[in-house]
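In the two assemblies presented below, subunit A is common to both, partnered first by subunit B and then by subunit C.
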Partner chain A sequence: MNRPPDAFPRLPRSWWLKHRYFKAYMLREATVLPLIFFLLCLMGGLWALYRGEEAWAAWLVFMRSPLVVALNLLALAASLYHAATFFVLFPRVMPLRLGRRAIAPQAIVAGQWVGVMIIGLLFFWLFGRT
Partner chain B sequence: MSQPRPSSRQAFDEPLWWLLFSAGGVCFAVLLPATILFFGVLAPLGLLPSNAITAERMTALVFSLPDLAAIGALICLPLFHAAHRCRHGLLDLRLGNDGINKWFMYGLAALLSFAALSLVALGLWR
Partner chain C sequence: MTHRALSIRRYLPDQDQASYWQRYEVPADDSTSLLDALHYVKEELDSTLSYRWSCRMAICGSCGVMVNGIPRLGCKTFLRDLPHELRIEPLAHFPVARDLIVDMDVFLDHLAAVKPYLIEDAAVGTFDPAAPTPHRQTPAQLARYRQFANCINCGLCYSACPQFGLNPEFLGPGALALAHRYNLDSRDSGKQARMPVLNRHEGVWSCTFVGFCSQVCPKHVDPAAAVNQGKVEAAKHTLIALFKG
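Moving on to the complex of A and B:
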């Protein structure tokens, strides 16, 4: 009797090192690691703010340490890499039409970057002005 | 039985995790770059006006009802996004047991989300 074909063949743990697309996939997956670090920093800030003025000042000092700034710069780069790969997926997963005409994929991608800019402007309006 | 087999039970909960993952992915892509830029880079480097992020102003801003939604979008959903990717990363690397990883990851995301939202609610109450 022939064995039925295996639905889940066992892959070696290093399967993703074998092709650059797989490596890019794993890099994209790994963008959440610096994100988690930043989210924990943000939660620390929330906790500091709850405790009071001194704790908030101490949190700002913590955020200023070189290693923390370096990790958050990495998180910023990771968020932009995630955005760049995520935005091109949108028109592929859900092509939009306006009446009978399809909206160009590039326009959908550009629209999402405009969203990123708008949030940036909102933050500037909230925290960037004197 | 050395080969892993798909469970015969239907995974009724998976759509929820994928929904939270997608919502968190949108937040990570659209909202987080500015958040990280302002609070992870510009504020620590002293590039923001000094009176913009004083404890007094931040307290008024953070402990408010709209901020409950903001924390949901800036912390809670990205946490579930990260948890989902960590779970699937472990699956990709064949580390641990997915049944355990799953509850550990989503459990941690839920716990931290609850903590973040509670902090804002407690600050509102005060």
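Moving on to the complex of A and C:
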């Protein structure tokens, strides 16, 4: 078959800018970027804890700086957005059955959010007390 | 009856190696499908236009084209639902043969690779009309794969899939959905034969769940779900193989 140069078009690097659906996908994938920052902060905290009281105090000051707080709030928003997209995908990847009946996808999505709330409350109870 | 403009990406390899846009005006009302509009161009305006079609009712899967960058079936797409500016192109990610006709050999090769048919352990005996032995299947067993059996091999999912666009070796949503359809069928015992093809980089693991394949599927097959259920099966297959040694 006759195959001209533009017949098997190679996807340009900007393929995901082509329409809304691909942009939403890339946004979902990009949520990992602020999460990397959050993880580095956590690892820095562990390292500071290991080095001693002075380093720990310095880490606490670092964590309270407005830019770090803003970036970590962004990480929280990104992880919640990722969770929202992931929870919707979950019943499609792992359709669950209870005996002979399939569990409704909405029930699985709701169940996951209930799980997030329980873990959130647990953390609030553990770390929210001063 | 109003008039609508269609810009069609023309490619006539016997005349020119470069493709170009050609604009046509077609009459349209609320019942005009994109396929009707293409027929009008072919019959009344320009007989050199080439495109595929057959059934006009979203069963044959022949008339897939890109409409403003989104893969759609011509017969299931109505001009009334589309923006005024229409740009019609051949299905993305496939080599173009002529005008709106693409070469789908890549897809057909991938489809054949996953053995999309019932495979039985026991040899099939000679059919005896006096005592036929039907394949029995309960409604519950049918329900497990029914959604994935609605595929009409139109290839829209391949044009929607950026992973296939980046790497045509990827088996792609359609073939993987059909592989999953047969793996779920209670009458089939070919899963072991399909797994080595599915459980590799060009199999289920190339999918990153962009999910656009399921958005464009005209038969609501949800190939993205099938591919990702296939990942669960592939992971199980790997684990079992690991413990068996």
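Some points to look at:
One rule holds for everything that comes next: the second predicted complex is superposed on the first by the 120 of 130 C-alpha atoms of A that agree within 3 Å, B and C clash if a C-alpha of one lies under 4 Å from a C-alpha of the other, contacts with A are read in each partner's own complex, and residues count from 1 in each chain.
Note that a contact is a pair of C-beta atoms (placed from the backbone, for glycine too) under 8 Å apart; a residue touches a chain by one contact, two chains touch by 3 or more.
It should be emphasised that the depicted structure is a prediction, and the values quoted were computed from it without experimental measurement.
By the document's definition of touching, of the two partners only subunit B reaches A:123; subunit C does not. Applying the stated contact rule after C-alpha superposition, one finds that A:16 touches each of subunit B and subunit C.
After overlaying the two complexes on the shared chain, residue contacts for A:100 are found with subunit C alone; subunit B is out of touch. Touch criterion met: A:92 reaches subunit C, while subunit B stays clear of it. Between subunit B and subunit C, it is B that contacts the larger number of residues in subunit A.
In the overlay built on the shared chain, the residue A:35 is in contact with subunit B alone; subunit C does not reach it.
Touched by subunit B in one complex and by subunit C in the other are residues 6-8, 11, 16, 29 of subunit A.
Against subunit A, in their complex, subunit B makes its touches with residues 3-6, 25-26, 28-45, 48-49, 51-53, 55-56, 58-59, 61-63, 71, 74-75, 78-79, 81-82, 85-86, 88-89, 92-94, 112, 115-116, 119-120, 122-123.
Those residues of subunit A lying in contact with subunit C across their complex are 1-9, 11, 15-16, 18-19, 21-22, 25, 29, 89, 92-95, 100.
On the side of subunit C, the complex with subunit A involves touching residues 11, 13, 17-19, 69-70, 92-97, 103, 140, 162, 165-166, 168, 208-212, 215, 222, 224-225, 228-229, 231-232.
Residues 6-8, 10-11, 13, 16, 26, 29-30, 32, 35-36, 38-39, 41-43, 45-47, 49-50, 52-53, 56-57, 60, 63-64, 68-69, 72-73, 75-76, 79-80, 82-83, 86-87, 112, 115-116, 119-120, 122-123, 126-130 of subunit A are the ones that touch subunit B when the two sit in their complex.
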